[in-house]
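Some structures to go through are shown next.
In the two complexes below, chain A is the common chain; its partner is chain B in one and chain C in the other.
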Partner chain A sequence: MKTTLTVIGSLLCATPVVAADLRVSITDTSGKPVRDAVVTYEPAAGSAPVGIKAPYVMAQRDMNFTPYVLVVPAGATVSFPNQDAVSHHVYSFSPARKFQLPLYGGGLSRSLTFPTAGTVAIGCNIHDSMQAYIRVIDTAFYAQTDDKGVVTLTNLPNGAGDLVIWHPMSSAKGGETHLPLSVQGPIKPISVQLKIRRMAHAGGGY
Partner chain B sequence: MKRLLFACLCLFPGLANAQTTLFSAETLKGWVNVRAVATNGETSWLHERAYGKTRYGGETKGRLAEAALIWTPRFSETVTGYIQVVHVPELGHETGINEAYLKWRPVPKSALRLSARLGQMYPPVSMEHEGVGWTTTHTVTPSAINSWIAEEVLVQGLELSLKQSYSQQQVGATLGVFRGNDTSGTLLSYRGWALHDIRSTTTAKLPLPRGNAGWSRIFRSQAPFTKPAKEIDDRQGYYARLDWRPSVPLALNATYYNTHGNPTDFDNGQYGWATRFFNFGAKYEPSARIEILSQLMVGNTKWGRMRADGVRAVDMDFRSAYLMASHISPKGRRLTARFEHFETEDYSNPLIDNNNETGQALTLAWMRPINAHLDLNLEWLAVSSKRPSRLYQGLDPQSSQSQLQLDLKIKY
Partner chain C sequence: MVRKLSTRLTVVYGGLFGLALCLIGPLTYTAVRSYARESVQNEMSATAAVFDRLWKVKSDTLQTNAELLSRDFGFISAMATDDRSTVASAFANLRQRVNADTGLVLTSDGQLLAGDDTLAKGVEALLAESDTLDTQTGVVALGDGFYNVVAAPVLAPDLKGWIVFASRLDRKAMADLEALSAIPLHAMVSAGDAEEAAQTITANTPLPTLDTRHQVVLRLSYPVAKALDAYKPLLNLLLAIGVLSLMAVVAASLVLARHLTKPVTALIEATAALRDGRATQVQVKGEDEMAQLAATFNDMAVSIEERESDIRHLATHEIATGMPNSKAAEAYLSETSPAILICVGLQHYGHLRAVWGAGPAHAAMRALSHAVTTNLPEAFVARTGPDELLIVSQSEIDLNALLKDLNRRHEIGEQSLDLIARLGLYYPHTDVLPPTAAIERARIALDQARSGKQPFAVYSPETHADMADALRLTDELHSAITAGVLSVHYQPKYNYRTQTLSGLEALVRWNHPQRGMVSPQRFVTLAEEAGYIPDLTRHVLKTVLADQKTLCANGFDVDISVNYSGRLLSDDAFNAETLSMCQAHPGRICLEITETAVIEDPDTGLKAIDRFCAAGIEISIDDFGTGLSSLSYLKMIPAHELKIDRAFISEIEQGQRDALLVRSTIELAHSLGMKVTAEGVETPTSLAVLAAMGCDMAQGYGIARPMPLDALLAHLASFDARSLGEPKMELRAS
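And then the complex of A and B:
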């Protein structure tokens, strides 16, 4: 039975592939799946326009930003609705987009455009424990991991390129792990192990 | 001091602009704690000037534990006010101001976070008071260390705090200068360590134990109570704290505190105490739901002229440490166990005024938020201590007792 399955598997793999798909599994150093990693592929020859559908929303709810990681294309306008009963003062000092949205109360929203690719760490000046990230990308090939830590990039074009695995808590420089890739037809699945920082929660509401 | 306060106020930019919000649903908070209590053992230190280590002792009853109101007016984008008025039935039915300060938090332009406070406040020592309005979040009763901070270490001053984040770690430094708090150490010396959730106020008068011997027979100028916020010697105290969060789920801090008090000053029934301590804190989060907390405090307090033998009227070391493990469920229900040890060592004249003490306490608490306006908390606390001065009240120096509390917090 086992032999039969292996044979069927081999036959499937031997099937001609029109476009290359890449499966990436991401774990931490203890082997646990990593969620909220953003995997992008940047072909050296350039990429078609990014296909992430609007609206792009970074809400404030229950004294947290949600989602924790938001992926948007460069040039996207992101709205920041405050769904809490208290006011928030959203800011970032990240070089990719320095901004502040001065204090606004529950039920109100602000919006902001993110023209440059990169990582924008956002916080709230009133509530230090609130933190989230906007990953601004300029490639059509991207995916974000869920609890299983596995993503598949589809229809990668033949040629050289750069596979970037980013996670806000990755200890790699800028949180980015770069893997040069040369696509010529089918690509073997890739497993990546990230060293994820886990810091203690900041105490002291002083 | 007034000139200093004025100069500091001028440092806060834009005290009135379009973002000013003095009164709104956001700027007012409050709560009432009611309790059912069952305890055995000695009478609480809060009653009849006894030595009891817990808030309640030898009684079973239901009662109001605390009522508090917090006002947090916003003067600008970055400047807020904070005033907490608290009513504690044990403090002579008095309602007083607990913390009251201006806070400045400019929006960070880099990974450096700056903030400042000016007014009456607790120095950043307790790792247990993380709740709204400087309340405990893991247990009803804080450890002996932080019970003492809450009752006898309330200062009026200016504090500057810096936090710098790096890619792999965060470091922080806090500096404070203050007035007041010159009596800090009185209660710790004459009563010893205690475990309770009483928070002091500007006008609080905390009772000191009496006896047929000991301090109350020798130092008759001392009032039968201590006023923790009192300024006596017109000298500024100071504190400094360092924080470090590395790239593992660990947070470490160290604080040095010094009242810089003149130990020979006296004013209106209150002596000036020279009190200083180190506090070391650690928090480890092995998982998202488990916390291990620990604090260690070592210090010394003294007052009186230097005698020929090189010792003052009272000269006492104090030490305490706790270790706490806490688990929080996805619904926010928290189960906590804490063990602690405390002791004092009297170098002055224990033969006529013995302020030595050793003790241990074990606390088990279950804290359950029911909804946005209601918390239900259950706590069992056992404390055992040996204090020779209990003989001054005809009591056995060794005492053990336990306290069971069911606490309902109704909040807005």
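And then the complex of A and C:
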């Protein structure tokens, strides 16, 4: 039982429409809205390349990464400016992009390119509490939940696809919850419940 | 039922105290037990708190160590790059340092990288399902027991796996814990639903578990008995105090009861003494109710004593004169051995009282008593009867002086009277008699003096014996009369004219089985005193009538005279009976009566005589000349015969005067139409003289002695007038 996704909505309309919007609201098992969840839709037919909208920044400020979750298209370059007075050693062992940015002091910055889609968990070697995630995507349909845990994917093309809901603390494998989706006209909003792991000293959370 | 007050008090107080002890005892035991239990539980709580602390310290240490490794960048690198051998070596290295019983490294998807396989099976699923990425600690039950497990996540920075360390919660760990307690507790870790053993005090402390669905507790237990051990001396002491107190209460109750019952017992004894007539006083100290009761009792005893003394005085003294009475005399006699008892009888007391009144009569007795006291100052004087005083003297007395002092003129009030007293004297000598018997003897002597008209008489045993004998004889006489054993003898009467034995006098005889022939004079007198005359006369009459028939049948037609007592003459009922008897057996019966009988009650006597005469029964005047003969009565009695008493007859041979009297009497009787029988004719001379005087019949030994019927029959058959003999002197011509 790797997924606890509950699909409340269903496809009601079979009328072919060029584009459809999908509203997804995400809560945890206690019903609270989940922030920083990233919802992507990957049409089976493939997606047009995503435009790079530089700059993508994963700053280190106040002994934390910010933002907690950064969504970037595959191939984007992310800068890691150190805005603290102390040095940081930023690393990741994630298969999508293993890297180490050895200690660099405040006011300095490093940049990395993330060519492969996937999740890159980044940490600071000398500050365990510093955690952040870069979600590398290769689809044009994506959104990140705000405090209300709600996203709206717009202009989804008709046809089958995979709706992926990811959250760094989701207990699902790789933090990803996959929902097969066939778009045929307007889509009823979807509510998704995720099992979220707690982590006392995590900087982000929700 | 307990009877004695002291026992009852002791039982009540002892019982109450014992009851209180019985209530307090269990309460105390319960309190002590509860306190002991509470103490143990407090100790357990303390131990549990210590355990908690130890637990935390140990868990924290493990956690620190686990986290140390889990955050080691090199280790994380090894984990992230799936460098298994590096991971295993790093784990082994740390494990040596942390001194954990066991441990392991798991990947986030459940693969065992290093360490204990068994532990892995126990925690893998739990960690996979865990909803936290924090370090977790808690108890896990594995096959061989419970483990304290610390699981630290390996974050790179996302979850790469878990480092787990575990310490066994085995017996040794428990023993270490037990050693920390002040009391020898028993500690064990068990599933929460394990049953509690009875008779133990237990405290369960829930332990954190990795699997929250299962509860694990630290169970501390301690036997109740052991908890109480510490209080055994106290309980024993309390028990000892209880028992000693009970004994003390019982002893105190006994003492108190004794204190209470001692005066009660004394009062009971005093009451018993009072009941028995002994003067008594009770001594009770203090001023309590008992002492008051005793004082009241003493007052009562004195009052009773006084009253009794009054009653005793009344019982032993005469009210009228205040002199000691018979009772007092008896009491006095019972205590002394007097030389003499004198019964003083005042003569004519009844007359004195009738004429002068009771007061002077009593005063007369007092005067006599005074006279006695004057004469015999030492003597005891009591009034033993209305007219009777008793003098008891310890010494010999001057009898003449006493008589002189008594028989003189006495001043009685304003009068003076000549008093006559007679004395009965009794010298007890060596006699030991009851007082009443001694008094009785003096009284008998007085009776003798009175009947003998003597100034005094001395009691003699002989007289007393006669009286007793008379009494016995009277009794026997009654039996003899009732049984009809008295016989009748006949003395023939000689008829001068026919020169035959024409008449008989019936004389009753008593042949006593022991005494032989009893004097008729004696037993007839006894019969008269005892009132047996009617029975006696009836018996004689019956016999005479029967014998007369026999005589008649044998050819002897004789008159028979029967003595008829004067008293019977006034008994109408008996007279009627006599009449009917004589009429039923017609014969020639003559009733001999005395003049005196008629004189005492002339009307009745003469009336009866008239009836007898009318019935053909002859009447004879007996013993003429001895009584108070009255010519007027002689004239009134229609008698057929007159019998001249033997006293005159025996003298006619010698005395001129007697002869003259007899001759005159014969002539007088003849002139009144009566025949004359001379009694006591013993000699032929008398017989001849009486013949010359014109006497009709003669009776006496000179004719014939009284004889029974069979002898009489023979005598009558063989009688010849010539056998009476010739007179020894010349009869003077009349």
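Keep this in mind: the second predicted complex is superposed on the first by the 181 of 206 C-alpha atoms of A that agree within 3 Å, B and C clash if a C-alpha of one lies under 4 Å from a C-alpha of the other, contacts with A are read in each partner's own complex, and residues count from 1 in each chain.
Simple rule for what comes next: contacts are C-beta pairs under 8 Å (C-beta built on N, C-alpha and C of every residue); 3 or more make two chains touch, one makes a residue touch a chain.
It should be emphasised that the depicted structure is a prediction, and the values quoted were computed from it without experimental measurement.
Engineer: Could you classify chain B and chain C on chain A, in the superposed arrangement, as clash or fit?
Structural biologist: Overlaying the two structures gives a clash between chain B and chain C.
Engineer: Could you say whether A:Leu103 touches chain B, chain C, both of them, or neither, answering first, second, both or neither?
Structural biologist: The answer is first: A:Leu103 touches chain B but not chain C.
Engineer: Does the superposition put A:Gly51 against chain B (first), chain C (second), both, or neither?
Structural biologist: neither
Engineer: With the two complexes superposed on chain A, say which partner A:Gly31 touches: chain B (first), chain C (second), both, or neither.
Structural biologist: Neither partner.
Engineer: Would you sort A:Pro168 into first (chain B), second (chain C), both or neither based on which partner it touches?
Structural biologist: Second partner only, chain C.
Engineer: Have a look at where A:Gln131 lands relative to chain B and chain C in the superposition and call it first, second, both or neither.
Structural biologist: Only chain C; A:Gln131 stays clear of chain B.
Engineer: Once chain A of both complexes is superposed, is A:Arg197 in touch with chain B (first), chain C (second), both, or neither?
Structural biologist: In the superposition, A:Arg197 touches chain B and chain C alike.
Engineer: Report for A:Ser87: first if it touches chain B alone, second if chain C alone, otherwise both or neither.
Structural biologist: first
Engineer: Examine A:Ile122 and indicate which partner it touches, taking first as chain B and second as chain C; both and neither are also allowed.
Structural biologist: After superposition on chain A, A:Ile122 lies in contact with chain C alone.
Engineer: In the superposed model, where does chain C crash into chain B, at 145-153, 181-189, 415-423 or 577-585?
Structural biologist: 145-153
Engineer: Can you give me the overlap between the chain B contact set and the chain C contact set on chain A?
Structural biologist: Of chain A, residues 91, 93, 98, 123, 125, 128, 171, 173, 197-202 contact chain B in one complex and chain C in the other.
Engineer: What residues on chain A touch chain C, complex-wise?
Structural biologist: 91, 93-94, 98, 119, 121-123, 125, 128, 130-131, 133, 168-169, 171, 173, 175, 195-202
Engineer: In their complex, what parts of chain B are in touch with chain A?
Structural biologist: 19, 25-26, 74, 77-78, 105, 107-111, 113, 117, 121, 124, 127, 130, 159, 161, 167-170, 174, 243, 245-251, 283-285
Engineer: Quick check: in the complex, which residue numbers of chain A touch chain B?
Structural biologist: Residues in contact with chain B: 85-87, 89, 91, 93, 98, 100, 102-103, 105, 123, 125-126, 128, 171, 173, 197-206.
Engineer: Chain A touches which residues of chain C in the complex?
Structural biologist: Where chain C meets chain A, its residues are 71, 73, 76-77, 80-81, 109, 130-134, 155-160.
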